[in-house]
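Heads up, the next two complexes both have subunit A, just with different partners, subunit B and then subunit C.
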Partner chain A sequence: MKIKILVFGQLSEIINASELALLAINNTDELNKKLFELYPKLNEIKFTMAVNKKNIHENTPLNHEDVVALLPPFSGG
Partner chain B sequence: MTEKKKHKVFIQGAITPTFIADSIAKHSGKTAIGAHDIFLGQVRNDIIDNKTVAAIEYSAYEEMAENLFHEIREAIFAKYDIVCMHIYHSLGLVKTGEICLFVFVSAKHRKEAFDACRDLVEQIKAMTPIWGKEIFEDETHTWKINN
Partner chain C sequence: MSFTQNNDRYHRQIILKEFGETAQQKLLNAKVLVIGAGGLGCPALQYLAAAGVGTIGIIDFDVVTISNLHRQILFSLNDIGKQKATTVAIKLAEINPEIQIQAYDFQLTNKNAFELLVNYDLVIDGTDNFATRYLINDACAILNKPLIYGAVLRFEGQVGVFNLLDNETQIMTNYRDLFPQPPNPLSTLSCNEAGVIGVLPGIIGTMQATEAIKIITGIGKPLCNKIISYNALQNTFYDFEITPVLNPIETSPQNEMEFLNFNYEWFCSSKANVSSISIIDFEELRTKEKITIIDVRERNELPLVNEFDFISIPLNDLPNLIASIPIENKIVVFCKSGNRSLKAVKLFYEKYPQITAFSLIGGIDAWQQFNNKT
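And now, the complex of A and B:
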């Protein structure tokens, strides 16, 4: 199972990429844990997640080829 | 309504005064309108740690933002008695003093235009996945945070 991860704003500097792919991740809690293992500096900034362009507010199951976006605080306008 | 769905919000670079003027002119045929309210966001020369902002570079999760702009638009139309609404937001580099957000609401009467425009701007700021990287005069940068 493959998940595509889009990285935006300041997070793209912490992760040093605008896109990632991770295998064998079943839900967003697992993804969050994995990301903090890989990039401990994520602690420095708050972010939310969107799965297939929808904001999520709780642990959400992930399926093959889902797209998860990591969204730091917005600053448009 | 179909036309509104396809309406593109993002503009590369600054929004020019000419674009805004043309947009106003296009409404002269819509004679049911009695009030326009326009909000323009301009890039400010904030001073952070003794460094002056020279420009903001905007980026967005464009596909998600377009969906959200559509949802916000529909909700505003449902809530207020307005005739039409236009939203434009910059992407890429916008220098201080240039316009990065243009929100244009038209109604029969001023109250609906004022109320809808304010609500719309607040929702755009809070809900849309757009980020501003503040570029200083010395070319270093920081990430903007909305209040």
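And now, the complex of A and C:
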């Protein structure tokens, strides 16, 4: 099972890519855990997560080829 | 207000079959408040005035600086040091003298937000900090005003519409459904520190004006419950739906009284594990003790401070210069609004865990406001 992850704003600096793929992830809690393991600095930023173009507020199951976006808030104007 | 039938000014949009005289009349009857006359506000205001929005309000407490000019395209060299809101109002009146323009040269706070917002049908958020964004969001949610959100950083921007019911789904969301928890102030970046490419707020601000025109006239499909994220370097758009938070962790004000008692600065900044100092405590400390005061703003940033001595070290230079700063006294760090100073204090504690360092809450803007009042 493969999940595609799109990364926005300063999160892409932490991950050092604007896109990545992870295998064997069953839900968004597992995904968060894996991301924080791989990129501990992500813990410092509160971001919103969108699964297949809908932002989520609780653990959400993930399926093969789902696309998850990680979006930080911007304040500039 | 009504426009004259043979008014050529709006001819090119009136001949659009979806638009016509009906939509033009709706624009002329509309009242739009633009909060922040900066990178987003300038282009939005320019198009709204040109399109014939009948009443436009502009609120901004800041003055024009030279570092604004690369993106805040209504200003010129002669405007440096002038109040932004009043200056913009004069420029818009030159573009379109047929509309009403009201400038407010003061800061939006939870104390004045309601009396201002009730005069308008729709609000455009062109601010540059999270505390004001949550404040505007909550005021609009309580007053049930559509809010057009826009935000930018570096090469990326976001735009969306809050507090507007989607008639198909009967869903209405707002900023707290997008970012239910306030950002960590130590990790958030402002355009002052992280930079922004000048055209980006032009694009996002223009999209905000487009949404305003669509909502007022009822043409097209507004961006309600949706965010578009634009990346200028990749030239990509990513859009996603906002879903309502069903069980919020953070409480938000639900009525005017709760809103008046909600401390937005605190909500967005002082939850960080660093020490902060209020303006009142700072005034007392600096008169009683010999302290080291450090300004971490960029060297040309306004306002100028003559009332006390301080060392100027822009935040980006601090890691290299931190060893040269005398640390025998208590240290108070300030910046414009209190965000960068929090980061600076964190740097101090990393280098010298034994010292006492504070970040000035609300920054020099809040300090100046306090001293103007007293």
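Rule of thumb we're sticking to: the second predicted complex is superposed on the first by the 73 of 77 C-alpha atoms of A that agree within 3 Å, B and C clash if a C-alpha of one lies under 4 Å from a C-alpha of the other, contacts with A are read in each partner's own complex, and residues count from 1 in each chain.
By definition in this document, a residue touches a chain if its C-beta (ideal position, glycine included) is under 8 Å from a C-beta of that chain, and two chains touch if they have at least 3 such contacts.
Bear in mind the structure is a predicted one, so any value in this text is a computation, not a measurement.
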item: Subunit B versus subunit C as contact partner of A:26, first or second or both or neither; value: neither
item: Partner chain(s) touched by A:71 [first = subunit B, second = subunit C, both, neither]; value: both
item: Subunit B versus subunit C as contact partner of A:44, first or second or both or neither; value: second
item: Broader residue contact with subunit A after superposition on the shared chain, subunit B or subunit C; value: C
item: Subunit B versus subunit C as contact partner of A:10, first or second or both or neither; value: both
item: Contacts of A:53 with subunit B and subunit C, given as first, second, both or neither; value: both
item: Interface residues of subunit A shared between complexes with subunit B and subunit C; value: 6, 8-10, 50, 53, 69, 71-77
item: Contact footprint of subunit C on subunit A as seen in their complex; value: 6, 8-10, 18, 44-46, 48, 50, 53-57, 69, 71-77
item: Residue numbers on subunit C that touch subunit A, as the complex places them; value: 36, 38-41, 125-130, 133, 150-154, 156-158, 177-184, 186-191, 194, 196, 201, 227, 229, 231, 234, 238-243, 245-247
item: Of subunit A, residues touching subunit B in the complex; value: 6, 8-10, 50, 53, 69, 71-77
item: Interfacial residue positions of subunit B with respect to subunit A in the complex; value: 41, 58-61, 63-64, 67, 89, 100-101, 121, 124-133, 143-146
